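Take this structure first; my questions come after.
Order of writing sets the chain letters: A, B and C. Residues in each chain are counted from 1.
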């Protein structure tokens, strides 16, 4: 009876000590810390404690002769959680994505020549992060530039069976999407934009990109 | 059977999370962290977990609506650190802290009228720095003095589930020792000048009426 | 013993002025200990040396009140006043520097005492009884807070008696962005790229102008008709649009200057903004 009681006391003391310690502890350290307890009872206490925690959310484990509590391996995902945040793609990124989709595989220089403006590296990063474009090797020309192509996730997200589902130039024209740029831009930007000055236009879009998360 | 299993899963998740967290967590925070669990099951899980740990070397406790694990109080002698981790408070700071805790929110003038001395600015700073008191707005009286109140960290540190757990607060309230001197005087003078027995006063109700606006 | 809630609570609250000693005991036992300790030293002097340990007159009064060893609600205010006044007198006798507020309190208490001893009908408002009661209430409240502080400090405290997990793994929340777009935005963007970069044809519309050459011809020809002064406006085409007139005026003016330079015409203007007049110079007249 009294033996049981003392076992229990050792177990509680070990539990509290190992909970509060900043470093994992050896049996010797624990024995000293608990006022010169016998190492035998420390070992037994640790065994009993490890058994008690075996099925719980935290485990008592021995690593290189040192004991400590740690999260149960199957619950490790609780320590690092991801929180998802939905953001709309900026116009600059949408344009780059469209150019890649219509012309793939394309290099960055080709994207820029098609768009008529420089592409910030952040834009391509965003599209990669979204999982919609991927590196598709290198173009065998001087400089061996990286080329980009769309991914199956891209088709998924945009509800396309294949890239051939994208409307052709003639269809775009028919729907008015190829109308003179001044009108389209004026409509889009409320008219206070200079289409002859593409660098200014790009700067605007970058601003959009930054501003959007707030929206 | 499956219900039991899921309760168990919640308990394990709560256990792992509360072992791992660096800050105490509220029911809401736990519910969000565990992927939008129902608050009801979080509360039940916490209750079960607290029960499980009640006799162990570490306890699960609620302090100011936030939950954390801590070592059992009766094991203090084993764990007391040689390096003093607790801030040593001057007698003045201790008293100011008590006045704020038992009367909150209070202005500096109110603290001084109870203590009968001026409060050096360092005293309030020390308590703010310790994270135990905070500014709690201004009293809407002439001069709009700043008022002070205690923080959740204060409850944490002193092991109080809430301010109702402040030692002796019920007796103090019952004996009127938390009422302003003016109210007590009013009550006492209304009767037979017997401060011991204010309830016998005829003017009891009247005194209450006068006391109320100040409360 | 070491686990009682009030134990060493006050040790933690001890202030810098050597009060660790004074506060090492449970507050309930203060008066007794105070007396004992005072006795142990050489009488009064030891007590007065602690004057600096009081936090103001109210603090000292509270301590004196506790020496009456009765409930704070039953203390004798008259006795307390005497205790305080005796205390201050003796401190003065020992030439201890007394802060002003202790002296103010002494004066006030002396007044209170005399008022309390006066016959009732000579009392002013507020009555001395009220003043005494007020003092008593204040002492009760201060005493209550002092005990509360001691009990608070004596609780099991985190970092001293209770410990949190020493090395928590910590919780981390990684934010992940889910990007969103749609097919319409995509093809609209492409349409805009194509439209923006499509080859452009620039049309330059013909604006009605009179070139310098035709103005020169016209002015020379018209000057040949007469030797009289002519207003420059007479040289302009009469049926011209306003825009053409502007251009014709400028060109004609430059043509006139050119002819003047060549010595074939002279230009006159009577004053600023008056009509500019031109006439042919006879050949050789200027030579």
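We take it that contacts are C-beta pairs under 8 Å (C-beta built on N, C-alpha and C of every residue); 3 or more make two chains touch, one makes a residue touch a chain.
As the structure is a prediction and not an experimental result, all values here were calculated from the model.
Chemist: Taking every chain's C-alpha mean, which one sits closest to the mean of all protein C-alpha atoms?
Modeler: C
Chemist: Taking each chain's centre as the mean of its CA atoms, which one is farthest from the centre of subunit C?
Modeler: A
Chemist: Taking the mean of the C-alpha atoms as each chain's centre, how many Å separate subunit A from subunit C?
Modeler: 38
Chemist: Distance between subunit B and subunit C based on Cα centroids, please, to the nearest Å.
Modeler: 30
Chemist: Where in subunit C do residues touch two or more of the other chains?
Modeler: Answer for subunit C, listing residues that touch two or more other chains: 163-165, 169-171, 173.
Chemist: Would you mind listing the residues of subunit A that make contact with two or more other chains?
Modeler: Counting only residues that touch two or more other chains, subunit A contributes 16, 19-20, 69, 71, 78-79, 81.
Chemist: Quick check on the complex: what are the subunit A residues that touch subunit B?
Modeler: These residues of subunit A touch subunit B: 11-17, 19-20, 33-35, 56-58, 69, 71-72, 75, 78-79, 81.
Chemist: Using the touch definition from the top, list the residues of subunit B that touch subunit C in their complex.
Modeler: Against subunit C, the touching part of subunit B is residues 17, 19-22, 33, 68-71, 73-74, 76-77, 79-81, 84-86, 88-95, 97-99, 101-102, 114-117, 156-160, 166-169, 172, 177-178, 181, 184-185, 188-189, 193, 195-196.
Chemist: What residues of subunit C sit close enough to touch subunit A in their complex?
Modeler: Those in contact with subunit A are residues 163-167, 169-183, 185-198.
Chemist: What residues on subunit C touch subunit B, complex-wise?
Modeler: 2-3, 5, 10, 12-16, 19, 23, 55-59, 73-74, 129-130, 133-134, 136-138, 140-142, 144-153, 155-165, 168-171, 173
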